[in-house]
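First chain written, first letter: the chains are A, B, C and D, and each begins at residue 1.
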Amino acid sequence: MSYFGEIYTGAVSLIAGLGVTGKALFQPTVTVQYPWETIDITPTFRGHIELVTDEETGNFKCICCGLCQLNCPSHCISIKSSKPEGAKKKALDSYMLNFTTCSLCGTCVEGCPADAIKFSDDYNLAGFSREEFYFDLVKRAREEK
Amino acid sequence: MGTEDTKIKLIKPGVTSPEAAAKIGEVEPPLVRLAVVEEILNLCRANSLWPMTFGLACCAIEMMATGMARFDMSRFGAEVFRPSPRQADLMIVAGTISKKMAPAVVTLYDQMPAPKWVIAMGNCAISGGPFLFKGQYGIIEGAVKLIPVDVYVPGCPPRPEGLLEGIFKLQEKITGKRFWPVAQRKSHVAK
Amino acid sequence: MEQITTSMLINELPRLILSLVLVIAFVALNALMLVYMERKVAGHMQKRLGPMVVGPHGLLQTLVDGIKLMGKQIINPEEVDLPLFRMAPILALVPAIAVFAVIPFSEKLVARDLNAGLLVVFAYASLSVLAILAAGWGSNNKYGLIGAVRSVAQQVAYEIPMLVSVLSVVLLSHTTQLTGIVNAQKGMWNIVYQPVAFLIFFICSVAETNRAPFDLVEGESELTAGFHTEYSGMGFGVFFLAEYASMVVGAAIATILFLGGWNGPTFGIGGALSGIFPGVLWFLIKVYILIFIVMWIRWTYPRVRFDQLLNFSWKVLLPFSLANLIITAVVTKL
Amino acid sequence: MKIERNLEEHSLYLNMGPQHPSTHGVLRVILKLDGEYIEEAEPVLGYIHRMHEKMGENRTYAQYLPNMGRVDYLSALSYNQCYVGAVERLTGIAPPPRAEYIRVITTELNRLSSHLLWFGAYVLDLGGFTPFLYSFDDREHILDLLESITGSRLTYCYFRFGGVSKDITDDFITGTRAFIKRLRMHLPMYETLVTKNVIFINRVKEVGIITPEAARRYGVTGPALRGSGIKYDVRKNEPYSIYPEVDFDIPVQDGCDALSRYIVRMLEMEQSMRIIEQALDKLPEGPVMAPKVPKKVKPPKGDCYFAVETARGDFGIYIVSDGTETAYRIKLRTPGFSNLSIFAEISRGTLLQDAISTMGSLDLVIPEIDR
């Protein structure tokens, strides 16, 4: 009897499975049609980093302490700064980010004493060469302005 | 089946680098090139990029997620993940290539029939990523050191949108124009 | 003897060529349609969209894929058995196309209405295993070889219950001519008298065409791509074409044997409907519904294990089909 | 009658991997086959060796954190938790209670996402494609939730020494509750589609038997161990964080086969949801970072071992500190390595397809094995 019983329960389970997928066939799809629609990117999203400018003065908030460069686990930040004659503070000459080695850990942003860097929301980067992702953040920030 | 014909129209010059073509050796340049036929073929190739089921590390999960319901790569005809390199057009190098894996990656690339393309997905495949440190002994610093890479998708790992964007870039590279609109970026407050 | 040949040539050659062209066009077009349908069905079953951007709702996607496959490099891997390796895809496609010669799409639309049509179908259908064996053996690939060996065992196991279940239909309609079998179902379809035989036939035909859950021959998770691992470009494309052609054949035979062929439903409220469509359309509708079910099954179930596959055939399908045959024989005699 | 055969002539060597659809990455298994029966299976490792332990000796304690998201990318937060816990134990930093709760909530969410992915990938190994997409669909919701907190979808780097990097929001809490409700509704669907399916049951039942004795011998942990009837879970046996404060069960099955391991994982999902719900109810107010965390973490000389229960089993970190900013040695005890090592023994004499279902049921993540 168990021979027929097995066949019966097996067949029932198979039909139940068909029911699940059959039901899904008529349910709405969950696809977000990407280039036409986009998912809400959360504000906390970690893209590559960007320099923050002071809204009042228009200058970079960066104080060139070099902590981000020091803390970065994969050494993807290199800062050059100089102290112009007579000036009190150091000025940022270049802020290079090699995004291709970044692990998006957030150490730089959290460690920054001046809140001078933030994560961008560039979530769909792609390019033809890796040099495209060696960002010159100073230039980038100026262009955006 | 027009074997002669297919053998001629193998690869569009400039699609993979000449070094790559020289390395493979088998790929003969077309004897007669008909611009119209080439264009149609390239259009078809661009819209039917079958990737290889080939994941190395973390990025492979995001590659899978790109094929899943939410992002659905199949809209662009690219969901046919072929497990055999012989049937694939596109190699998505998704993850770190270790020195032990490098020969296998090269073999897989060589096994693919031309024309073929490579997307380096994620920072590891681009340059070694976070595993790059002074005195590292285990990884290849970027897929480009082994095989010609067409498109780079940075991130650690990139979001699925990034990979889709990479596929669009590849289509752009094959046909010379971008088909789809550029996604309008919008930052939202989380739901 | 000579006279017969010449007259045959004059009368039959145009007809033969015409039907060949029609069949090949039908098979190719059908494969394009079915692959598109498969991708759409799979997509929506999985709550996604499937091909969308090539043509309206991705209608031209498979055409584009086909052209792309034609433009791929043809690779002859090292140490393949070249004649076998190259012949295998064609060997897979030819029997699938040849079967169409005897399949009646409607009362008139049949290339050759042989009185042993049913036998011709099964003779051709069992040839496909040779192609898979040639492909697996010839490609000098271990995955391919295992796939080919599996294919042989599978084919042998499933052909027997299939034929036995078909025999009970033959007993009912007293003929092996396909049009005759359809005409015998004018009153009531065979599926009503022979539900068990239909189920067995359907399962076996799914197994014969190597569709999931019986796709052990190309079981992706174990054998990468099975017997066609080494095939690139159009070699692979032709295998694909053959798979879809034999899917149509399986569904068409099931329609002819059990679902009344080109006849519309003659019972219930269907009786009123049967006049609406011409016979060909009825036939195709039934074929496509059956193919849809095959796809539905494929995208629902996991793959069976090899020994279970064989056990299922020998321990379940065969006894049931034999019992069915005996009961049918006794009942028709009474 | 025993048939004498020359095995050298009869066996076929099959290389599964390093690129193979069902080795989940770049594991290579050399199979010695007799027909379809496996005579010997030898896993070959190292195809994704990423020098994690060596990097521990080259990076400061804080710089090593992102590595922890990448050892086992599917349960990154458990690894975060283990490393952070180990360093906190060494240095004596105590995270505030709210941080501990957040850690447990996010880690359990991560466990859910890992199990969901495993479920889908396992059915995919067995040839069923659609459940994979369903489980990914559910998983996307977890990733959305975690992304809204941690900023990344997969390789989280969220925990910090002495707390977490960002507080959770009310949206996250409501979203998590909504997700749990959703998953509770979907689990029966998975049961109908897969668990009760006769083909699935036949594929996994009495396949890949790990006897309790063998499991102990090889150091198998996690669901693979609990599927063999041994009730061992780091969360209960060596409680850490706030696990003693929440009420949950350790699901155990004593079938020892792939089906038992499957069921254990499916039941664990329910338990994870229970833990999250309780933690959300009890979530205390307060800061999420300890007040006094030095900018440069410099543990005193000494060593320490800390273990957590990841989605795959017992993961432990052994740190030897020489008093500098960089660890002298970091040793990772990953569950996958021990779980895989038993594969050679349990797959012997089984069919090729059984080996696939066995390997899938062990839930391997190759980078975690190779480190």
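Rule of thumb we're sticking to: a contact is a pair of C-beta atoms (placed from the backbone, for glycine too) under 8 Å apart; a residue touches a chain by one contact, two chains touch by 3 or more.
Just so you know, these numbers come straight off a predicted model, no measurement behind them.
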Chain pair, C-D or B-C, that carries the greater number of C-beta contacts: B-C
Intercentroid distance (Cα basis), chain D paired with chain C, Å: 44
Separation of mean Cα positions, chain C and chain B [Å, integer]: 35
Averaged-CA centre spacing for the pair chain D and chain A, given as whole angstrom: 25
Chain B-chain D separation of Cα centroids, rounded to whole Å: 30
Per-residue overlap in chain C, given as positions that touch at least 2 other chains: 43, 45-49, 52, 220, 224, 299-301
Junction residues of chain B - those touching two or more other chains: 68-70, 72, 75, 83, 130, 133, 156, 159, 180, 190-191
Per-residue multi-chain contacts in chain A, two or more chains: 14, 17, 20-21, 24, 29-31, 33, 42, 44, 73-74, 103-104
Chain-level touch network, classified as line, ring, star, complete or other: complete
Contact footprint of chain B on chain A as seen in their complex: 29-36, 38-44, 48, 73-75, 98-104, 121, 123-130, 132-133
Chain A residues touching chain D - in the complex, by the definition given at the top: 9-11, 13-14, 16-17, 19-21, 24, 30, 42, 44-46, 71-74, 103-107, 110, 119
Of all residues in chain C, those that touch chain A in their complex: 41, 43-49, 52, 296-297, 299-301, 316
Chain C-facing residues of chain A, complex: 7, 14, 17-18, 20-22, 24-25, 27-31, 33
Complex contact set, residues of chain B against chain D: 52-58, 60-62, 64-65, 68-70, 83, 85, 95-96, 98, 100-101, 104, 108, 130-131, 133-139, 156-157, 159, 190-191
